[in-house]
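Shared chain: subunit A. Partners: subunit B in the first complex, subunit C in the second.
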Partner chain A sequence: MVRKDVPEYPTEPLKCWDEAKALRRKYYEDYLTAKEKGGIRWAGGAWSFSAIPEGLGDDVYCITSEPYGATIAFFKEFAMKCQEATEAAGYARDLCAYMRNYWGSELRDEYILADGRIVKGFPLPDFIWQDHICCSHAKWYQVVREIAKKKHGKDIPMYCIDVSVGPHIPRLHDELTDWRLEYVTKQLLDGIEWLEKVTGRRFDDKRMIDAIYNEMRSTSLWAEICTLNANVPAPLDEKTMYSLYVLGTLMKHKKECVEFYEKLLAEVKDRVRRGIAACKHERCRIITDTQPPWGFLSIFRYLEREYGCVSVGSLYTFGLIGMWEVKEDGTLGPKTVPPKSALKDRETAVRMYAEWMLNKPEWPHFFNPRVKSDLLIKIAKQWKLDGVALHYNRGCEGLSVHITQNRLDLLRAGIPVMVFEGNMGDEREFDMPRTLARFDMFMESLGLSKIKKE
Partner chain B sequence: MVNADEILNEFKEVVEKRHEYAKAWKERTNGKVVGYFCTYTPEEIFYAADNILPVRVAPGHALEGMGVVEPYIYSMFCPLCRDCCAQGFLGRYDYLDGICIGQSCIHMRQAFNAWRHYMKEDRGKDYEFKYYIYVPHGVQNPPAVPYMAAEVAEFKRAVEKWIGKTLTDADMDKGIKIMNRTRQLLTQLYEFRKRDDPPITGTEALYTVLAAMYMDKREYNDKLEQLVKLLPDRKLDRQTGFRLMTLSSLNDHVDFIHKVEELGSTVVIDEQCTGIRYFWGEVPEKPDRMMAIAERYILKRIPCPAKDWPERWRLEHVKRLAKEWNVKGALYLQYKFCDPHELDVVAVRDALNEMGIPMYFLELDVTVPWGQFRTRVEAFFEALGGIEELF
Partner chain C sequence: MITAGIDLGARTVKAVIMDGTKILSKAITITGFEQKQSAEEALNNALKTAGISRKDIEYLVATGTGRKVCLEPPISANREVTEVIADAAGAVFVHPATRTVIDVGAEEGRAARVDEKGSVKDFVINERCAAGAGTFVEAMARALEVRVEDMGPLALKSTRSIPMNAQCTVFAESEVVTLIHEQTPKEDIAKAIVDSMAARIGSMVRRVGIEKDVVLIGGVAKNIGFVEALKRELATDIVVPPDPEFVGALGAALIAARKE
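Moving on to the complex of A and B:
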C-alpha cells in the first residue's frame, strides 16, 4: 500500500558487502590465472549445471558467460568497444547484448576484471560446457569457437545440454514427465563421459556430489534471503541484491557461496528483526522484470531518493539463481533441500540435480507465459507490491519473450504496470531521461509525489 | 490432357487463396483444420487421423496486422512471428479447429501462445485442440531421438483424445506414407533444377512447396506426381541467368523472388523452411513408428539454425546443395531480429565464399521494399557478372 506520508526507517550498510565484492573479484582473477596454477578452464552459461565439471578436480575454473557480459556492460566505454568489434566482425546489433560484449572481448583479445582493469589476452577455455534454452545460448559458443580458431588456431571442444522440456513448477504448473527428466539426465550423464574424454581426467563422483549439494543449498538459501524482502520495510533493495545474487551466477556450486549466503541470511534476518530498511523512506514497493540496464543502475537510487520507492526484487533476481517451491498454503518459499545422503551415486545425484534445475522459476516463460504471470501475481501479493516495472529489454530476447503477454495478465489481475524500453548491455539503446520520465509518470499514477527535500 | 502450367497455376491459386481453400475443404469433407507454427510439427499424426488438414500458419505481408499484434508481441521480435500472430487476431484463421506448435525458436512461440491464451479472452474464438510439442533443440545429442519419440507418442495420444479415435499402426503407416510421398516427389522436382536450363523457375518451385503446406496432401500428391512427370519435357522461354541459392526461414515472398528472377537469374535451390528444409529426409520404415518419425525430424531433415549446434550440420548441407546445384550466388534472406539465422550469417558467408560463391544479405520485414532491394540485387548481379566498371 502506497504511503502518502514519508516514513523514516533506520538504515545501515550490509556488513558482508565487502566480502561479496572480494569473492567476485577473486572469481574473475582465478579464471585468468588458472593456468599458472596448473588448472583447467571451462566456459559456459550461468545455468549450465556447473556442479558437474567440479568432478574433474579442485583446480577447475569457470567463466560464466552472462555475468561476464554484464560486467562488461557496467563499464560502458569497454562495452562500446566490444560491441563495435562484434559488429565489425559481421554480427547484428540486435543480438543478445551479453553475447556481443563477450565476443567483442574475445575479438579484442582483452579481458576485464571485476574492478574494471583490462588485461591483454582473453583467457580461452579448455572446453565449453553449456546449456541451451534461448535461441542464442548454444550458438553463442559456436561463435566463440570460431573466433578462437580464427585468431588463435585453437579448436575448443564443446558440449551443450538441451533443457527445453517445459515448465516444472509443482503445485502451479508442472509438465515434467519421466521421459523429459530422463532426456536431460541422459545428456548430463553422457556429458560426464565427454568431460573425461576431452580433459583426459578421471571423473570424481564424490566431488561432483559435493558440488551438487552445495548448489542446492546455495540456491535455496538465496530464495530464503529473498523471502525476507516481503517484510516492511524491505531489508534489501534490488540494486544491492544484484551484487549479492551474482555470486550464485558465478559459483553456486562452491562451498564459499554456501557459506556466504548463510552469513548473508543471518544478517538479513537480523535486519528484519531490528527493522533496518534498505530504503530510508520506503513508501512504495515495486518489482522489476528481466535484467536491468547495467550501465544505468542509478535509476533505482533515483526512485528511492525521490519517491521512497524501493524495488524489492524481481522474478529475475529471485529466480535466476534462487530455487523455489510453491508451499502447501500457496505461498512461494525456498525449495526444500534433500538430505545429502539422497545423492547416493552418480546417476541418482545427476537425476536429482536435473530435476532441481528444471524447477528454475526463470524457465517456464520460455514455453508458457501464463506460468510466469502466475508467479508474478503471487510475488505481487506476497511481497506486498504497489506495482510492477517491466523492462522491455532489447538486449535479451530470452528473458523478454512473452513479456507483453505478462503485462496484459498483470493488468487484468489489477496490478499497476509500467513498461520501459532499454537494453541490459548496450547503452545506445537506453534513454535515461525518457526512462526517468516514465517512472515519474508511474509514481504519479500511484498517487506519489516526490519527497520534499529539507 | 493437363499440362505443367495448369498444375502450377493451381498451386499458385491455393497459395494466394489459402484461407478459401481451407474453408472449402472443411465444408466439403466435414473435417477439421489445424494451424501449425513450425515445420518441426510431425504432420504424419494428422494424416494418420484421416480427416484433419494441417496448414502452416503464414504471414499476411500487410502492415494492417502490426497494430493488432502490439499487445501480444513486443516489436523487437521478428516480423514473421508478429505477422503470423496478427493474422489470427485479424480473424483470418477463424476457421481453425486447432493449433499446434513443434517447439521452435522463441519468437514463433509467442504467436502460438498469444493465440492459445488470448484468442478466446479477447476475441471469443476458442480452439478445440491446442498443443505444444516439446521438440528437442539438442538434435545432435543422441538422447534427442528417443526423447522426440516419446514426445510424438504423447502428441499422438492428445490427437486421439481430441478425435475420439485410437490411431493404429496401419493409420500411422498411412500418415507416414502420405508425408513421405510428398517428400519424394518434391525431392524429384528439385533434382530437375540442377539442369543447366531448369524446367521450373524458383518462383514456381516456391509456389509448389508452399502449396504443400496449405493443401490436403492426398490431393496435392496426385497433382505433384503429374507435374513431376511433365517437367522433364518442359521448356521455359527464358534465360537461366545467374544460378542463385536462397537461404531463409519462412520465405514466402513469391513476388520478390519473381522480380529477382526477372532481373536475370533463376533460383535453382534454396535452404529454407518453405523449401528443402520442409521436405528433406523421409521417415524410415521401422516397427516403432514413433521412433521412425523421431529419426526423420531429428536426424534426417536439415536442421533449423535454432537447433543446429554444437557443430554446424546445416553448413554441410548448404555447401553440398550449392555444389550439386551449381550455384553462382546466394541471397541470405533473413527476417529482421531473427536470432537463429543472424547467428549463422558469418559462418554461412565464409563457407560459401571459400567455395567461390558470393553471398548477399537482405533483411526481410513484413513487406519487402522492392525499390531499394532491386538496386542492391542488381548491384549484386553486376558483381557476379564480373563487371568492373559501372559506367
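Moving on to the complex of A and C:
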C-alpha cells in the first residue's frame, strides 16, 4: 500500500561506491592495454561462460558487449555517432541498440572508456567466445568479424554456444533433462579444445575451476544483496544498483568481483539494520523491467524526488547476473553455492557450471511468457511492490518479447502496471517529457500526489 | 464552494467553473503558441459567463498537456492533475455508470478503466505518433478539402468499407491521395479514415479491457462518423456525453472541490 504521508528516513551514500567505479574503470582500461601487458583479448556477451577462457592464463582480458553498448548509450553524443556509422554501413535501425552501438564503435575505430574518454583505435579481440539465446547474440559477432576483416584484414576466430534448452528454474518451471544439460556441457568441453587451438596456449583446469567457483559465488552474492531490498525502506534503489550489478556483467568470474560483492553485502546488511534508506521519503515501491533508457536515468530520481517512489530493482537487475532458486517456502533466494571440492575435475566442473548458468532467470522467459510472469508476480509479493513499470524496449527485442502478456498476467494478479515505450540505447526513440507524464499518471492512479516542497 | 478546472490541451483550452456540483459556466479557446494567454482568455470568458471574478474561485486545478503553465501567474492553479485522473472523475460525474473512459483529443488518445468512485484501475495512452487522434482528422480533412466538422457526417453517408492500412498520418495521407486519384467518392474516403482511426483506438482500448458503460470524451467524440466506427470496432454501445471536450476540465474542477 502506498503511503499518503511523507515519511523521512535517514539516508547516506554507499561507502563502497567509489570502489565499484574504480573496478569498472580498470576493467575497460585493462582491455584496452591488454597487448602492452603481453596479454590476449576476447569478446563475448555479458551472459557468456566467461569463467572458461580464464583457463588460458591470468593475462586474458575480455570486454562484454552489452555493458559496452550500454556505456556508449549513456554518452549520448558518442552513441549517436555510433548509430549513424552503423546505419551508414547499411544496418537497419530496428536492430538491437547495444549491437548497433558496438558495431558503430568498431566502424569508427574508436573505443570509449567507462568515464567517457574516447580513444582512437578499437581494440579488436583475438577470439570471440559467445553464447546464443537471444535473436542477436551470434549474429552480433558475425558482423564484428566481418567489420574487422574488411577494415583491418583480421580474421577473428569465433565460438558460439547454443544454450536454448528450455527453462530451468526448479520448483517453478524446470524442463532441464540430463541430455539437454549434456548438450550444453559437450559444447563447452569442445570449446576448451577450440580455445587451446586458436590461442596456442595450454589450458589450465585449476584456473578455470577457480574462476567457475568465483562466478558461482559472485552471482549468488548479488542475488543475496537483492533480497535485502525487500526490506522497507529499501537500502538500495535501482539506479544505484545499475552501477553495482554491472561488475557482474563484466567480471563475474573474477576474485575482485566476489570480494566486492562480499563487501557490498556486509554494507547493505548494515544499512538494513540501521534503517538507512535509498529514498528519503519512500512511500511507494515499484520495479521496472528490461534495460532502462540509459541516457535518461534521471527518471528514477524524478520519481524519488517528486513522489517518494523508489524502484527496488527488476527481474533484469536481479536476474541478469544474480543466480536464484525457489526456496522450500516458495520465496526467491540466492542459489546455493556447492562446495568447491565438488568441482573436482574439468568434466564435472563444466557440467556443474552449465547447470548453474542454465538456471539464469533472464533466460527462461525466452521460452515461455508464463515463466517471466510467475517470477514477476513472486517479486511483486516478496518485495512488497505497489506497482510495476514495464518498458516496451524497442532496442531489445529479446528481453521485450512477451511483455504484453506479462502485463496482463500482472494485472490479473492484482498488481498495477504501467507501460512506457523507449529504447535502451537509441535516444531518438525515447520521449522524456511524455514518459514523465505517463509516470505522473501512474503515480496518481496509485493514489499519490507530488510531495509538497518546502 | 466555487472551483474551477482548466484543461490546457494541444489544440484547445477548456475552462469549467462549478459551485459544488453545479456547473456555472464553460469556455473554450484555441491554444495557439501563447499558452498562458489562451488559458487566461478561457478562464476569463468562463468567469464572465458565470458573473464572478477570479478571487471568487476558492480552488483551481489544471490538467492537460500544458497544465504546468497554469501553475504560474496569471492562472496560478492550486495544483495539477494528469489527464487520466481528470477524465475519470469527469466521466463518472456526467455518467455514473462509466467503467471505461476513452478520451481522443488533438494529439493523444487514452483510455482508462475506472471504478464507481472515478478511481483509475488501469490506463493506456497512444505512443508518440498522433495518428488516430484529432490532428490526424484535421490532416485528412485538408487532403479531402472538406471542413473538419463535416468529416463525421460525410463518413455516415458511405456504405462501403475501404481498408486503409496506414496507421501513420503521412502514409495515410498518401493513401487518401491515391483514393482521390482513383475517383473514390469523398464519403467513402471519409469512412475509411474514421474506420482506420477506430481500429487504432480500439486496439489501444482493448489493452485496458472493455467494461460497460463505455464513455467517449474529447474533441474527436464530436465526430459522429468516428463514434459509429468505434461502436462497430468495439462491438459495444458508446455513450457520448454533452460537450465531450469539456469532461477533462470538469473532472479537474471536481477534484478541486477535494482541496487535496
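Points worth noting:
The definition used in the following text is that the second predicted complex is superposed on the first by the 454 of 454 C-alpha atoms of A that agree within 3 Å, B and C clash if a C-alpha of one lies under 4 Å from a C-alpha of the other, contacts with A are read in each partner's own complex, and residues count from 1 in each chain.
The working rule: a residue touches a chain if its C-beta (ideal position, glycine included) is under 8 Å from a C-beta of that chain, and two chains touch if they have at least 3 such contacts.
These figures come from a predicted structure and were not determined experimentally.
In the superposition on chain A, the chain among subunit B and subunit C reaching more residues of subunit A is B.
In the superposed model, A:444 makes contact with subunit C only, not with subunit B. Subunit A residues 404 lie at the interface with subunit B in one structure and with subunit C in the other. Residues 65, 79, 81-85, 112, 119-125, 127-128, 207, 260 of subunit C are the ones touching subunit A in the complex. Taken in their complex, subunit B has these residues touching subunit A: 70-74, 76-77, 103, 105-107, 109-110, 113-114, 117-118, 132, 134, 136-138, 141-144, 146-147, 150-151, 154, 305-306, 308-310, 312, 336-337, 339-340, 342-347, 349.
Of all the residues in subunit A, the ones that touch subunit B in their complex are 89-92, 94-96, 128, 130, 132, 134-136, 138-143, 145-146, 158-162, 164-166, 177, 179-180, 182-183, 186-187, 190, 366-370, 392, 394, 397-398, 400-405, 407-408. The part of subunit A that touches subunit C in the complex is made up of residues 404, 411, 416-419, 421, 431, 434, 437-438, 440-442, 444-445, 447, 449.
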